[in-house]
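Look at the two complexes coming up: chain A is in both, with chain B in one and chain C in the other.
Then we have the complex of A and B:
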């Protein structure tokens, strides 16, 4: 008997939180500091608000397509070809993102703790976890997310709270950094920070309470927006602007600077566990979505046989960048600048097309009925 | 290259490369052949010596021979079937007259066939009216001439002034001798002579109604029924002229008395434990749950051992589909012998390779009663003092029965300590290894210096010394269980010397490592479930390997994979990590932390009980004041 996948509201919420926030561990605070200087946290706030508004629009249009995922919507809007093209677009953006993030996680681990281990071994270890997670399915993954994310979030908040003694308000002056116009201009490509929001549009058919997808998305954006903003703010309050652009792992640096008495001076140890756990969850979900999108686009019966080939592909792509700097450049220069077009604009376009087509079809049917 | 040589060459090449595996087999099939028991493949047909040569020639001549041979076998089977079909057709034709109308089979021929069928099928063999025939059959069936403990006693009874030869049969040692003498044989011999109003009564009725003063008498029509009863400590009574036999329940074998639990010790709470007798165990449960809805459903498991197993559940609480699933699994088991609930557990569990038990085995009746009250099912196996509880979650396995008898603050503290024990067992040695090998910066400087100076003289890498110590400890633990009692203290002295002093004195390991191994061992003893303790003990070595290989990253990978497998697992359809993964909506949170007893209002909702409410919203009636009392009653009804 085929088992039906069921995902609870909290589980879906935790999945989204981890997908959004794992980049906090990597380089997010530093990147926004580079772009908006001392006003980085304001830019993050603006980006989160913008994504919130865009999601409300998406959710409103989505009401016309209950119980359908975005690929079904693409099919009803543009037809079979539309489903395949949209599926491939989403899949390719994940296939670009996941190996880069994998490489970044591996490189960071290598720099921090496994200095003599070859990078291929570290990537292979991540691949084992990623493959097993994706193999056991989305239901297991979201359940682990629901168990782990509250713990990881608590550890993260713990690190932020313990940084309070080192806060210095003067470090975020001038408050508006390079100026409001520059902030707004730089905020647009940074919408890509929420590019994983598209994952919610794939799991709608699996939700226990399908009507709740909008509130799941809204809460996830709110909570992760708060995480983004507060962690950037904390980072900027502890390290002044020019210095803040130097550290390659901002939150790790923040954790390293924490000291509680003489004995507890190495809090960053907790951070490595949080870091690796978040990476495993993120990468497993990513691999699952890659294979799911491929399966769904081409109408395959099962996705498990796809997992090993995709893992090998991800491993191989992750080995392409020469070093951490190249991987970061591949992410920042290309992915973060343009990913929002695929993950935010394309779904909007698909939804609008499908809505228009549905309305036209309905009108035609009612006209035909009137004529008869 | 000639065809014959080429194909043989290819065959040998394949054999060398794949160790006999066929290239055509997929990877998963090959893995299955290594790790799983494959279904028996049909053996090659027996070939006479004369024709074996031809067979060999055939094999070497053509690689496709096997498939051809397979086809031949199939053809022959088919031809055999055809032959049977032909004979059947011929018989039908015989019976069909020239005009095509079927002729009736003569009654003699039909009776003959029936008799033949009965003789072949011992289960359907009916008891004969002739006592001698029955005696011969029973003697033959039980090999009475060589079976020393099988006893037959022949005597006569008088019914309606007529002598009837009778014999009883039983296994000596399995029955209660006094009961047989006083309540079976004596009444049959003496009461039969007493004047009783036997008007309009058959011999069978007289024997059944007046001559066997026993509370459990079964009237058996087939030999199989009586044999089953006798095999399980019953007594068979055969009377001349009757086509039935009587089976009396006179079980009286030696057994252990009710004793204190040996593996689930406690200070507070009842101190009775199950023993090896099925009915005594069910009685212990009935003694606690005085409820007519407590159902004890018997199922026999084991084709030869016919071990009586009892499913116990409270009918108006447990989910019917859960009972159905347990019944389905129990009845589907096909094995020769079932000796213990540990064996049954392995037949019933959802996943064989999961590194955690998916059922709870307990020897405490109070614990079983408590789980039955939550809507779970218990399985009692005759011959085992451990009762199976299903379904369970991981959190049930780290609960102790004493948690329920202790006050809330103490029980909560104990739960914390136990969880700490689990973490120590699994992770402490691997964390030590990871920190000393890869992440020195994690330790405060003073502690780091202390560890470094202690390890200065040790020649082995940490990973080797920790494996030496862990294996030594496991050896001592295993030996401690197997060793005869009087030698026990010697072992502990040797163990303490090896582990404690000599290893450090010889600079084989550092003193800190001894502390790590000792704390790990103590942690493992704090796990209340024996089976879960084994699981964590084994997994500890995997974590050690991962930590030795990749430090904290390896440990995180291990935790991630471990959690993945546990979250994916199910126990009789119930997620193993419920109520956390998936989150269930019940108000009862007695999973990790203990809730105050008065707050445990609902049964765990992941077992889907028929009645979710376990106790009233205000369970302490004395706390009701004024109008609140009425309000709470209304609330109770609403719930």
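Then we have the complex of A and C:
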């Protein structure tokens, strides 16, 4: 008998939080500082508010399709081909993002911890963890997320709180940095920071209480938005612009500088634990969604046989960038600029198309009934 | 059966991850590394650097409960090299261990090098993960190599702890300031403040007869040399520990532009709000006829002083307004003090007398802070106190702030300093009955 997957609200919420916030550990505060200068935190707040509004719109339209995930919606709107195309688009988006993030995590570990280990070994180790997580399935992943995310969030907040003594308000002045127009212009591509929101649209059929998907999404955006904003604000209040654009791992740098008394220092050890845990959960979830999307798009019965080939593919893609700068460029110059189109515009398009088609079909049916 | 195989596979995979993540490639034993306690950087020949590595000798520091040997707790290696990390490689060829900076406490740059600019060296330290952001940085008035050779911790067997405590002594002396690498870098890159570092040197006096020679060369506060009117290396002191940390090196950008003595460093701490609780002596207002500083004219027969334990009562407030191209900088400081000693027979226990003392101390500190700020403007042309920060907060757009060019404006600044000192306590004695009141003037 096939076991039915069940995901609780809190578990789904934690999954989304980890998918969104893992980029905080990487380079998010530095990137936004580079784009909006001293007003980086305002831009992050603006992006979060925009994503919140967009999600409310998506959730409103989605009400017409209870029990369906976004691929089913695509099928309702455009048919089987639509499902395959949408599935491939989402899958390719993850297949682009996951190897880059894997490479970045591995490079970061190499820089700060395993300095002499070959990068291929570090990536391979991450792949083993990623494969194990994905192999255990989405239920296991979300449950581990539900256990780990509160602890990781507490450790993260601890690092931010310990930075308070070094806050200097003058560091985020001049308040509007490059000006409101530039902030708004730069905010648009940064919507991609929430590109993993699309994962919620894949797991709707697995939710215990399907009607709660909107609340899960809203709370996840609110909490992640707060994390994004406060982390960026903390970073900018400690390291002024343009110095804030220099550090490779902003939050790691924050953690490195914390020192309370002679004994309480080197707390970046906590950070590395948070970092590695978050990375494993993020990558495992990513691999799971890649194989799930492939399975669902082509109507396969099982996805586990896909995991090893996709892991090998991810490993190989992760090894393509020649160096860390190339990996960063692949994320910032391409993914960040265009991912929001796939994760926000495509679902909106699919939902609108499906809604229109459903309405037309309903009208046709009622017309036919009237004619009869 | 399939379930068992799957579970076993997962278990093996996890074990593999656990074992390999513990760092088999990077494994290095603690005793395979040579821990540098302090790195000295001097100017070498032909654009080279002379690097001095003060390395801890753990076996001499002490193992377990065994007490080590202070004299042998460190060893110094000096090398000439074009780059810092090139020097590390050369030293690695010499010793049987690998140089490691994870526990380094002090980077010492010679004044000669600092005057030419330190940006490239600071960038090299900031980029390398082994250097902690809060490693101390100091400027050696003489050669950094000589300083490190002369350092002989007497009361502390652990050299790392010695440097750590040595560099934070400003919290209770007030004669230096926070001199951490990241703090320095932040001020160096800041658009509204400039960096300072601790000023270090060796005291080479061997006999107290040399004190008068040293004193004749110091900046005197009027006719009295107060206890902080010295710079490192010029202190009339004889001790087994030759290293001294007194005064500050002021920078404009990455170049050292001047020196401050201990008292000026104290003014710096007051304006930046970093002052801890320090001993502070000043002339007794009632005995001022026996004392003759600049504005306090009188006789110089006998010197009477009042000693206080001084600290911040409130954070200082700095306000900046622009009058055309001229910044008007209003600095307001509020300190509190406890009386530690009074040389004269004056009784300050009554409200009126205490007020008189408070006014005198306030005025004394106001003048010293004002003199210090004028020195930063006229001599250093460098806003080391970060007085541009309040002005930065009034700007909306980054481009406007950059076009304003605060650092150029600072040279025309006008200062209005107000100081208030509240005497809170008088030690465990409320009032002192002078001996002369009981036994007459001749005692």
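Just so we're on the same page, the second predicted complex is superposed on the first by the 372 of 372 C-alpha atoms of A that agree within 3 Å, B and C clash if a C-alpha of one lies under 4 Å from a C-alpha of the other, contacts with A are read in each partner's own complex, and residues count from 1 in each chain.
Here is the rule we go by: contacts are C-beta pairs under 8 Å (C-beta built on N, C-alpha and C of every residue); 3 or more make two chains touch, one makes a residue touch a chain.
In this text the structure is predicted, and so the values were computed from the model without any measurement.
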item: Touching partner for A:324 - first (chain B), second (chain C), both, neither; value: neither
item: Which superposed partner A:269 touches (first chain B, second chain C, both, neither); value: first
item: Partner chain(s) touched by A:200 [first = chain B, second = chain C, both, neither]; value: neither
item: Which superposed partner A:277 touches (first chain B, second chain C, both, neither); value: first
item: First (chain B), second (chain C), both or neither touched by A:177; value: second
item: First (chain B), second (chain C), both or neither touched by A:146; value: first
item: Which superposed partner A:10 touches (first chain B, second chain C, both, neither); value: first
item: Chain B versus chain C as contact partner of A:128, first or second or both or neither; value: both
item: Partner chain in contact with A:342 - chain B first, chain C second, else both or neither; value: neither
item: Common interface positions of chain A, toward chain B and toward chain C; value: 113-114, 117, 121, 125, 128-129, 132, 136, 262, 265-266, 276
item: Complex contacts: residues of chain B adjacent to chain A; value: 438-439, 441-444, 550-557, 559-561, 563-565, 567-568, 575, 577, 580-583
item: Residues of chain A touching chain B in the complex; value: 6, 8, 10-11, 109, 113-114, 117, 121-122, 125, 128-129, 132-133, 136-137, 140, 143-144, 146-148, 262-266, 269, 272-273, 276-277, 280-281
item: Complex contacts: residues of chain C adjacent to chain A; value: 6, 10, 13-14, 16-17, 20-21, 23, 25-26, 129, 132-134, 164, 182, 185-186, 189-192, 386, 389-390, 392-401
item: Chain C-touching residues of chain A, taken from the complex the two chains share; value: 37-38, 111-118, 121, 125, 128-129, 131-132, 135-136, 168-170, 173-179, 239-243, 253, 256-257, 259, 262, 265-266, 276
